[in-house]
Each structure stands twice: as structure tokens, then as C-alpha cells.
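Right after this note come the structures.
Look for chain A in each of the two complexes below; its partner is chain B in the first and chain C in the second.
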Partner chain A sequence: MNKTDILIDLEQSVLSKNPDVTNRALQAVKKAKCPADDILKALTKGLEKAREGFKDDRYSIPDLLLAIDAYRLGVNLLKTYSSSSDVQKEKKSRLQVVIGVVEGDVHDMGKNIVAAVLEASGYCVHDMGRNTPNEVFLDKLESTKADVLALSTMMSTPIDNMAELIRVVKKMYPQTVIIVGGAPFDAKLARQIGAHGYAENAILVPEETKRVLYTPPGNKQLYL
Partner chain B sequence: MSFWRVLKDLKQGKIPPVGTIPESILDFAAGAVSFRGRFKTLGSLERLLTTIRHKEPDQVPVTPILGGGARQISGITFPDHSLNAEKTAQAFLDGWRFVGGDLVILMLDLSVEAADFGQKIEYPANSTAFPDYDTPCIKDVDGYARIPSIDPLKTPRMSEFLRMCRIVVKELGLKGNACGFVFGPLGVLAMMRGAEQLFKDCVRYPEKVKKGCEIITGVLIEYAQAQCDIGVPALAIDTLFASRNGLSKKLWEEIEGPFAGEISRAVKKKGVLFAVHNCGHDNYFDAQIRSMEPDIISFAHLPDDCKDRKELKQKYGDQITLVGYVETPLLTHGTPVEVMDECRRMIDDLAPGGGFILAPGCEYPPNIPLTNAFAMIKAAEKYS
Partner chain C sequence: MIQISPEDIKFHGAPETWDPQKCDRLYGLVCERIGYSPDSISEQMHSRIAEIIQKGYAAIELDFFIRTTPIAGWEKSKIEAEAVTIDSKKWANLLKKMESPEVLCCFIITLGKQLDIINEALRKKNLFDPYVLDAFGSLMVEKAADQIEASIRMQLKKNNYEGSRRFSPGYCDWGLKSGQETICRFLTPEKIGVRCLAIGSMVPAKSISAVMVGAKQMPWKSPCRFCKEINCPYRRET
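After this line comes the complex of A and B, so read on.
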């Protein structure tokens, strides 16, 4: 098999729902000495296909989760290709996203999907986990000067706390755009608590992030 | 059930299990009550009977699904609402007396069953209880087979729920209707394994997950039947994962469907109305009807095979009673006028011919003011 076929195999393996298949495909690209950029492209294409599949109803959430696992297997392999200082340098050159589930909620599946698809879309994602206190988000924003803050909750009870965090972030880090998501939201509620962006589901976040990032400053409010 | 048994139950202030009454008698009674409703205000029991027989009552039955929200009236804490039968019962009853409604859905938090199976639960002071996902009690795929079979009459939270249920049913008597509640087997497993891991296991190790479902279902049947014996006229199962938020339709029908069906049959055997609650997006009405043949479906979003409310009513309105579906965000940010407008639109589309109960799509948000719960009650009175 030539390198192109091996990379196509890797892309397909992301959709295989089987880590053994992905591992075999990764061994093959390693053996064929495929360039790291090409490997990342194949993995990203595979995950993008899964995301598209979810959008048009061919894939379910479990399929997408398994595709994310496969993508991450590949990304972990890539880490062995470069020195850690190169990786850090490359990461810093990307747009920075701080993401997490706010304090009071532990449902993080949606957030995990968003983190993976944003990473595959080229962002450097700092995942703060679930049930995350506001101070932890603020510390990370301070150290990363992040371009995007993505907040999630599946419960309605943490919304007041989330609104407070957004208020502080807008004051302290006006350059950071804020996107929210989760079951209790619609665009109106997201706008009411001060978010710049809202995605109805995890899959639509890359488009919404792009929209908000490239809307001129001062005009970043949510349209209903 | 004999006519005399029905009379005896009614005399004792108990709602007789409607499933044991011959259909012809139920239809006759519903028709007569519907006719009476044109001239008189009906009671909640009459309203519910009429609408589930697909006849029009005096006004659309309504429930604000006040779970944690009712705490605000009684002044009890979230942990007490989860753990203390007397206080929880008081909150449900206070909610019913203070805000109103025809149906009291006994929806607590979703951790009741998982807690008794050994999952560590957090009980925060200002939010609904949730599992400690850092320590899932099912740690690997072989853990499904190791779930202990437990006696829900003896375990702390399920037995406390049953005690609460008994207090509420007794207090409501014939003046209101209580609806029991169980979390479906996959929901319980998600609390014990973490939803993300469970979903992946469903694809990769379906047989192992089914083993877990089998053990959980045995316990849920006993738990559900105990609620039926207490005297709830209806019981709801939460099958959230039968939606785009969960598994594919095919996988759900393979894994949870058969077990949910077993629970449904056990509840119906007691003559109790069987309801499905599913607040997921694009939920699979067709698959759930095939598996469970429910009398009632409570939903938060249109099912995957209906593009609007009219199609929903046309497709499913004559088979089941629809319960819903004022969306959570609207209750959170909307004004009472906006909520009432939305209720009016729902009543216009879904109430004609009966078979509709106005309700939120899910539990009324526990921390927001109750103004919009009142708006829903008002809308049912005004626009029916």
C-alpha cells in the first residue's frame, strides 16, 4: 500500500468504532513514516466525517464518541513525533479556547464532544473539566489570554453562577468571546446572561465559534 | 375489577386502578363527565379520566411538574428534598395546593435508584443531587454483571421514596392524581458508569450492558409495583436515551427497549396507567410505543418523525395522551405573558379531542421563581 492508501485507511479507522482497527492503522502510518501533518489531516478528516454524519443523522452520539476516542489515539501518537517544546510552540500559535462545565453540574459528555471537535478544527483547547469553580476559569483565562471561553451546563440550577462568571469575564477579559450551551439554553437565554454565542448542540459549535470570532468587535451579540 | 371494588376504593378515598375497569365503562364514564364538564367545573380526577379517554374535559388538565421548585414554597433544602420523605411529601403537596394543577408527578432527582445500587451521590446545598462521576461504581465492562440485586423496599432511598409516595397519595385522595416515577435501566446505569462510557459500551459490548439492564430491571419492576400498590393511578418511566441525545433508534430498541417493555407490562398488570417521560431531542415515539405501549408520553421536543405539532397530534394523538411541552428556557427567561401565549398555541394544536395534558417539557426549573408555573395554570383555565 502506498502512503495515500495508508492515510485513507487511517481516516476510515476513525469511523470504525473499534480501537484495535485504529491502532493497526496507526502502526501502519508509523511504519510508512507518513509526515505528522498528513496524519493529523487524516485523523481530522475522519472526525469531521463523523461530525457531518451526526448532523445528517447517519451517526449517533455513541458513534461520535468512539470516533473522538480514535482521533485522540492518533493525536497521542503524534505527540511522540515532536519534541515537547515544539508541541508547546505550535499550540501557542493557535487560537486558544478555555472550556468547562460550570460549578454545580457534572454532566460533561457534551462538553467533551465540543472540546474534541474544536481541537480537530484547529483550536488549542484547555479543558477545565466539570463542576469547575469560577475562579479556576478566571485563572486559566489569565494565564492563556484565551480567545474563546466555552461554558456548558445540562442543569438549570447553575445558570445564575454562569451569568456571574460571564459578567466578570466580560469586564476583565473583554477580548475573550463567550459561547454557552446545554439543555437549559436557547439563544434568548444565552443572550440574556451575556453570552456572545450559543450552539444548539455540540456538533454546531465550530460554526458558531467562527461566527462569533469573526464578527466585528462591538457587534458580537447573539441574533435571535 | 368488579363494580363493587371500584365503589369500595372510591368510598375509601382511593383512585381505583383504571386499567382494571372495562374499556366500555371507562368510555361511558368519560363521555358522561365530558358532557358534565360543559356546564360544571370538573375535579382533577374527572379531568384526567376524560382526557386519557380522548374526550374533552371542561379545561385542559395541567401539571407544572414542580419537583425541586416546590421546595421554595415549603422552605426545605435540596438535600432534604432528596432524602427526607416527610419533607419531600410536604413540598409536593405544598406545590399542588399553592400553585395548583391536576397531576402531581413525583419526580425527585434522577439519582434515587443508582444511590441504592451503591453509586456515591453528591447532595449540594443549592442544586439537585447528582452522582460523583469521579468514583463510578461500575468501573469496567465486567462491572455490569456484578451489580447487586437489591430489595427496593429495604434500601434507603427507594424505600424513602415509597414512604413519600404513600404520604402524597393519602393526602391527595380523590382530589388530585399522583404519578409515580422510575428512571429507566439505561438511565440508572448511566449514573453508575457515566453516560459517555455507557454509550460506548452499548456499541462495543451490548451483551454486557444488557446483563446490567436485566439486573436493574428486576429491581425496578419491584419498585414500580410497590408504587402501584400504594395507589398511584399512573407511573412514569424516564427513557431519555431513546432520543438523539442518546442511542440510535435501532440500538435503543435492542438494548433498553425490551427491558422498558417488561417494566411497562408489570405496571399495567397492576391496572396503573403507564407513562413515558423523555425530555431528549427528536425522541423516538415510534420505538417507545413499540416497546412499551404507553398510555401517556411526556416530552420536551417534537419526536424525530414529526415536523410540527399538528403532525404530532395527527400521528400520535389518537393512540396516546400527550404531556408537554413548554420548554425549559422559556420558563427560565420568558415573561408570564410569553409563557401563556406559548401555552395557548399548544392548547390550540394539541387539546382538541382530548388526549393532552399541558406541562413543561421537563421538571420546572428548581431555582427560578414560580411565576411561570402560575402562568401555565392560568393559561389552562383561560384558553381551554
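After this line comes the complex of A and C, so read on.
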């Protein structure tokens, strides 16, 4: 097999729902000494196909999770390719996203999907985990000067706290765009609490992030 | 007033019928819950899911507590019991249609902290396995709550009372935070290792708190029939 076929195999393996298949494909690209950029492209293409599959109902949530797991297996292998300083430099060149589940909620499945999908879409994602206090988000925004803050909750009770965080972030970091998501939200509520963007499900986040990022500053608001 | 204590609660058929090795149906239910058809998945995936279910099953440390309190009265939007107030217009309205609603049976059930510990370990490895374990835990804790509900209803029946459906804080129009605070104050779930967080959720995660009404007669066991939310996913027909 030539390198192109090996990379197509890797891309397909992301959709295989079988970690053994992904591991074999990764061994093959390693053996063939495929360039790291090409490996990342193949993994990203695979995950993008899974995302498309989910959008048009060919894939279920667990199918998508398996694809994300496969993608991450590959990304972890890539980390062994480059020196840590190269990885850091490359990461810094990407648009920065700080993501997390706000304090009071431990449901993080949606957030995990969004984090992986944004990573595969080319963003550098700083995942702050779940049940994250507002100060932790603020500290990370300070150190990263992030372009995007993505906040999630599956419960309605932490929304007041989330609104307070958004208020502070808008004041302290006006360059950062804020996207929210989770079960209690619709566009109206997202707008009410001051978010710039809202995605109905985790899969639509890349499009919404792009929309908000590339909307002129004065117009960064949610349209209902 | 009728009293029901934890000793009155029977888990019918448990734990044998919960054992995934003895109950193929459990595997099917978990698959269904995560959105898979059990017949259409590969052998490799079957083994993976079955292994997670086995692991989860072994980690269950079932515990519960139950306590009753007499109903003192009800207004337009709340039910007043001696030790508990339930702020729910819909349930208060339902009480009007009952004959002698006299008792609130409150209970809390948990599958224990081991499931949370395993889930935490799995999430460090991948996303799929903890998703399946979470679905399994939700299924099992609901199954356990169903059994407590059935057992309470049986005890009420023995004393010539009827039991409503169970209802929990955060569902219907009963607020999560205030409801959980109320029920936790009354049940003191720390004694079975359950902590109610200020925001309304519970630790361990697979825990359920709920209340049932005991009355001499009740034509409807939940307010769903009178509720305008016809697309509510939790709607119950009786």
C-alpha cells in the first residue's frame, strides 16, 4: 500500500467503531512514516465525516463518541511525533477556545463532544472540565487571551451563575466571543443571558463559532 | 397515620433478575437507551458493552431510605405536610381530586459511590465507555426507584390507601433546587452516603429522591392528564 492508501485507511478507521482497527491503521501510518500534517488531516476528515453522518441521522451519539475516541487515539500518537515545544508553538498559532461546564453541573458529555469537534476543526481547546468555578474560567482567559469562551450546562439551576460569568467576561475580555449550549437553552435564553452564540446541538458548534467569530464586533448578537 | 419504614420495602426479584448474565433483557435495554439496536451491532461492540454492564453491575451498592409525613393541607400552589412543603401547583391541584389525601411518602435511593468512581476512571480513557456506564446507571437507578414505588404502593394498599405515581424535584412544576433542599432536609440522606448539592444535584450521581401521595381514593395518579404540555417526555397517561 502507498502512503495515500494508508492515510485513507486511517480516515476510514475513525468511522470503524472499533479501536483495534484504528490502532492498526495508526501502526501502519507510523511504519510508513507519513507526515504528521497528513495524519492529522486524515483523522480530521474521518471525524468530519462522522459529524456529517450525525447531522443527517446516519450516526447516533455513541457512533460519534467512538469516532471522537478514534480521533483522539490518533492525536495522542501525533504527540509522540513532535517535540513538546513544537506542539506548544503550533497550538499557540491556532484560535484559542476555553471550554467548560459551569459550577453546579457535572454533566459533561455534550461539552466533551464540542471540545473534540472544535479541536478537529482547528482550534486550540483548553478544557476546564466540569463543575468549574467562574474564577477558574477567568484565570484561563487571562492566561490564554482566548478568542472563544464556550460554556455548557445541562441544568437550569446554574444559569444565573453563568449569566454573571458572561457579564464579567464581556467587561474584562471584550475581544472574547461567548457561545453557550446545553439542555435548558434556546436562542432566546442564550441571548437573554448575553451570549454571542448558541448551538442547538454539539455538532453545530463549529458553524456557530465561525459565524460569531467572523461577524463584525457591533453585530455580535444572536438572531432569533 | 400510616407509617412505612425501610423494612417494609421489598425489591421484587432483586438482585438475581438484575444480574446481566441472567437477564439478557438488561443488555437490550442499555443498547436501546444509548441509541443502538442490539441486533445490529458487531460482536466486538456487543462484548464491549456487555463488559461495561458487568463492571457497572458489580459496582452497585444499593441503599435507600424512606420516611412518611402526614399531609396537613394544600393550597392553590403547594402541599403542606407536617415536615415538608411541596411547591407544585399541578400536584396541589391533583390533591383536590383525591379523597382524603393523608400522607406523603418520601424516599431516596442510591446506587452508591463506586459507580461514580468507575465512571471517573473510564472518562480518562475515552468517551464511549463512560457514556454506556452512565446509561446503565440511569437505567438501574430508575428500575430501583420503580421497585420502591411499587413496594410503597403495596404497603399503602394493605392499609386501604392508594398511592400516586412518584414525583421528583425538577420534574413537572416542582423546582429542582428548592425541592431537593426540602426533601433532603426531611430525609437526611447523609446516613446512606448521599449528599445534596446546593444547586440541586446529588452525589453519588445515580441517586433519586421522590415523593408519593397516599390517599383513600385517587382517580388519577399524576397530574399529566390535566397538563397542557402534551409533548412532555415525562408525560404519564394514568
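Criterion: the second predicted complex is superposed on the first by the 224 of 224 C-alpha atoms of A that agree within 3 Å, B and C clash if a C-alpha of one lies under 4 Å from a C-alpha of the other, contacts with A are read in each partner's own complex, and residues count from 1 in each chain.
Operating definition for what follows: a contact is a pair of C-beta atoms (placed from the backbone, for glycine too) under 8 Å apart; a residue touches a chain by one contact, two chains touch by 3 or more.
Just so it is clear, the model here is predicted, and its values are computed rather than measured.
Novice: Could you classify chain B and chain C on chain A, in the superposed arrangement, as clash or fit?
Specialist: clash
Novice: Could you let me know whether more residues of chain A are touched by chain B or by chain C?
Specialist: Ranking chain B and chain C by residues of chain A touched puts B first.
Novice: If we overlay the two complexes on their shared chain A, which of chain B and chain C does A:Thr157 touch? Say first, second, both or neither.
Specialist: The answer is both, since A:Thr157 touches chain B and chain C.
Novice: Check the residue A:Pro62 against both partner chains and state whether it touches chain B (first), chain C (second), both, or neither.
Specialist: The answer is both, since A:Pro62 touches chain B and chain C.
Novice: Of the partners chain B and chain C, which touch A:Ala146 in the superposed model: first, second, both, neither?
Specialist: neither
Novice: Kindly classify A:Arg72 by the partners it touches after superposition: chain B alone (first), chain C alone (second), both, or neither?
Specialist: So A:Arg72 only meets chain C here.
Novice: For A:Leu7, select first, second, both or neither according to whether it touches chain B, chain C, the two together, or no partner.
Specialist: A:Leu7: touches no partner chain.
Novice: Touching A:Cys34, do we find chain B (first), chain C (second), both, or neither?
Specialist: neither
Novice: For A:Gly104, is the partner it touches chain B (first), chain C (second), both, or none of the two (neither)?
Specialist: A:Gly104: touches chain B and chain C.
Novice: Could you tell me if A:Lys17 is touching chain B, chain C, both of them or neither one (first, second, both, neither)?
Specialist: After superposition on chain A, A:Lys17 lies in contact with both partners, chain B and chain C.
Novice: Between chain B (first) and chain C (second), which, if any, makes contact with A:Asn112: first, second, both or neither?
Specialist: So A:Asn112 meets both chain B and chain C here.
Novice: After superposing the two complexes, find the one stretch in chain B that runs into chain C, choosing from 26-34, 260-268, 296-304 or 332-340.
Specialist: The listed stretch with clashing C-alpha atoms is 296-304.
Novice: Starting from the residues of chain A touching chain B, keep only those that also touch chain C in the other complex, and list them.
Specialist: 17-18, 60-62, 65-66, 69, 104-106, 109, 112, 155-158.
Novice: What residues of chain A sit close enough to touch chain B in their complex?
Specialist: For this pair, the touching residues of chain A are 17-18, 60-63, 65-66, 69, 104-109, 112, 130, 155-160, 183-186, 188-189, 192, 201.
Novice: Can you list the chain B residues touching chain A in their complex?
Specialist: 68, 122, 124, 126-128, 130-133, 195-196, 199-200, 202-204, 244-248, 251, 279, 281, 327-330, 332-333, 365-368
Novice: Under the stated contact criterion, what part of chain C meets chain A in this complex?
Specialist: 34-36, 42, 44-45, 126-128, 131-132, 134, 176-177, 197-201, 205
Novice: Using the touch rule from the top, collect the residues of chain A that touch chain C in their complex.
Specialist: 17-20, 60-62, 65-66, 68-69, 72, 103-106, 109, 112-113, 116, 155-158
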